[in-house]
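Paired with chain B in one complex and with chain C in the other, chain A is shared by the two complexes that follow.
So, the complex of A and B:
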């Protein structure tokens, strides 16, 4: 793609050409500066409030003082419920779509289409659904369980898509070889295909975690607001994202703690995203990351 | 090993998983409709755009349920965000492909991936503490349609840019080599060859961005003021459909609660239409 630069950008071109080059570079610079502003703001204000005490203590005075210990525990519990649901269901679906439903398979196409639609559903609609179905209809109430299950519905399409791509990347010769050896499909799956598709699974997992950690709107009416340490998954628990929302919108003077929580959340996401692109860069083509990210 | 999991069983088990995953979207739709229907009969479809205002109540007869200002708020915020993020997003993708040095392009893609992962609540919080005070100096109250559109635009920019970027990857190399051989200058090549070739992919990116903006809740809720009114100017506070659900769901009962589910259904229809359009515009990866 560099050939373009040699053709004209360096030589004297037309006016339109020079202007176009200038505009694109200005755009890039502007965007870079804008996001630099955002990131430095978060780090500058957030770093001051982060300490060991902040990470472990319970919030006091509506979160203005104290820390975010119980909130981190709730966040991780919600994530745990979400993953415990998504992993088996998502892997099963991905294996079915990738290995048992060739293109043109009616049922497989139907499932793929509905997953595509599911991926586009706005998060607040997941919140409404989670509240109506898990909290009210199934009687789970505002709880970590309801929140995690609601998030699972949201994360499922992302995880399945990535798993399926991982399975697709496994060369057919492996399947043929396994079939020629008389291996059952179950053995082929557990001993050949899934290990070979592990990078895809890992990327899907990591992307799903990222999406789940970032989510707020779907959780407000399913996992609830309670900022105490949860005793079980039937207790209501406040996630980090909801904590940031509460502190900035409903608690006057909560900005400092909100910056701190935002920085903790972003650091968690950064580590996870770093992991995702590391795995993706190592095993998958660079190309897929663009679409998945 | 597991005799039960001999092949027919495996097939059935996996089919069950796939069926459950596939049925999820149907389940969501059913629950939205079931919760909406009582309000449709007691409030009546007509009230949603003819009532004098949005002042909902548990009993349909005691409240008024005009959703038009919030639909307008949602559409205006999305439109303005797209006007900003569309050209800039595509511009960034073009910059990465044809103007940046390889190192810069790589850095930019990393930055965009990072930004796409930042939670919307963090964008909203930053907008509230950094953008809104600046806007308030220009024109009170600061929290407004403009602030909402700006934050939405910033949020969807990475999505638009990343999809546009992968669309540009799909421009056949021969076309670029041909254009270079003809001595075309970069801009003529971009305008005359590259943009027309990648049109479908770029359009997909725009539609996906618009879908994300329409469905976004937290960021817009935190910066746009949340007054239910038709936006008169850019500086009027607005409330979007999504923000309305998030704000009122906590205490909504009876017909009010059902009305919120109707707005959820409306949102789902709007966003799903955009997603389907995006799929039709871009070439499918499956099949």
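So, the complex of A and C:
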């Protein structure tokens, strides 16, 4: 055996490494603490207002009393409309960009540039566009449908780029193997490439849902303020984020309900994220890793 | 530890066919040229492969062996800007004729790559998915799966875990699975691009044994950098060389001729390790 000798240089390197390790750890701890602090604050102020009644009843007295039942329903409906639009449209575009438009492809480059610009557009601009296009021009009015479609415009760029990266990460040897077996591009895509790209798809979905649930500005102009229980997607509906904004900015004495709503919103986000990664992980575990022996 | 006395390598029954190395031309390549954009990589190459024989393509890196192999099942179609000139006839049919269906061509001419590339699916799905694509029913698919896994010596190793991921297999097993996957489509020709270069010596030995078993039933074309392997396996050999950046054929003949009594001095120098 060769003994590794500790030289002076090695020791000072060790010290520098330790220092660097400590500093990076402290930074990471700071970030984690920030999140914990936020969560503790929310739980401390909001937990008191959470009850079955709060989750199911309609708001009364401008939201100071009652619950957030209709608001949860509106939020989930807006999210549903958004995802129903984003999933097919986004996957289709991602497949085009990832599989049919190699780097340097003229139209593909145009689409990618447009998406990058769209991803950076402030949400208030999406709100104004959604209002002008969906509410006024298409005559959908202030409605859950308008709100969901406006959110879809916002979420699409993130979702598409994330899916595209996922597809590009699948080794090209898979495509060659499939082609050499005389398999069609469609089968290759649906049975091999998309399943293998699932982690990228899940990340895109989680980011998209996060952005959609958090959105306030774009929805004020498109889905509206109404806090009644929506009867259809053509009704106006108030999302949780708008409700929180309304309670904390415009309703004196609404802080308790605002904290409660914020806690519900964060919990929804955590549950949806957890679910998405759990499903993706389980799917991957079943189809890729397999069990050894 | 598996104390099963059954040999792990169990080749299937030999199918009837012309005995190995009757001079029956299966693939006839005439004046082939390949270019990527404006860069020529193969020029004026003419070569014949006999039915049921194993022919190795040898030569230094960059002499166009892999490009040549890819023209035989038109994988070159997938490379943007790749142009192929000359003619390639399989059983008298020019594969570049407009009426030739590239899907059935690739079914007839299987290809094995340098690095094993099983799909990230179960062992069973790896074999059944391409079969389903070619319209083979479930029952026949299951029969063919057992047949090709037996032929490649994998059946004893994987029969109890067909539903586990193909990626959990070792490198050598993965490569044999890829060969089984190609065989399941009942091809007549198998193209193998350095099939053992990513494998350890033991796995290489198993794959070599498998190739020897497949000789006679399939026309095999094997690209290899391993001259000892080429000597062990081949009935015929073709020696490629690169001149002015363009690959061309120096000499083709029986394995004996190329490795023992080459006509060209360049071939002699290469097979004796004095150049390349």
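The criterion applied here is as follows: the second predicted complex is superposed on the first by the 231 of 293 C-alpha atoms of A that agree within 3 Å, B and C clash if a C-alpha of one lies under 4 Å from a C-alpha of the other, contacts with A are read in each partner's own complex, and residues count from 1 in each chain.
Here is the rule we go by: a contact is a pair of C-beta atoms (placed from the backbone, for glycine too) under 8 Å apart; a residue touches a chain by one contact, two chains touch by 3 or more.
Everything numeric here is computed off the predicted structure, so don't read it as measured data.
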{"item": "Contacts of A:185 with chain B and chain C, given as first, second, both or neither", "value": "first"}
{"item": "First (chain B), second (chain C), both or neither touched by A:102", "value": "second"}
{"item": "First, second, both or neither for A:196, with chain B first and chain C second", "value": "second"}
{"item": "Chain B versus chain C as contact partner of A:132, first or second or both or neither", "value": "first"}
{"item": "Chain B versus chain C as contact partner of A:57, first or second or both or neither", "value": "neither"}
{"item": "Touched partner set for A:176, first chain B, second chain C, both or neither", "value": "second"}
{"item": "Touched partner set for A:116, first chain B, second chain C, both or neither", "value": "first"}
{"item": "Superposed model, chain A: greater residue contact from chain B or chain C", "value": "B"}
{"item": "Doubly contacted chain A residues - partners chain C and chain B", "value": "184, 187, 287, 289-291, 293"}
{"item": "Footprint of chain C on chain A - complex, ascending", "value": "102, 171, 173-184, 187, 191-192, 195-196, 287-293"}
{"item": "Chain C to chain A touching residues, read off their complex", "value": "73, 75, 78, 80, 102-107, 110-111, 113, 115, 117-122, 129-130, 133-134, 161, 163-168, 178, 181-182, 185"}
{"item": "Touching residues (chain side chain A, partner chain B) in the complex", "value": "1-5, 7-9, 13-14, 16-17, 19-21, 23-25, 27-28, 30-32, 34-35, 37-38, 41-42, 45, 88-93, 95-97, 100-101, 103-104, 107-112, 114-129, 131-133, 137, 153, 156, 160, 184-187, 189, 210, 213-217, 220-221, 241-242, 244-245, 248-249, 255, 258-259, 262, 265-266, 269-270, 273, 277, 287, 289-291, 293"}
{"item": "Chain B - residues contacting chain A, complex", "value": "1-2, 5-7, 10-11, 13-28, 31-32, 35, 88, 91-92, 94-100, 102, 104, 108-122, 124-126, 128-130, 154, 157, 162-163, 165-166, 169, 176-177, 180, 183-191, 211, 214-218, 221-222, 242, 245-246, 249-250, 260-261, 264, 267-268, 271-272, 274-276, 279, 286-287"}
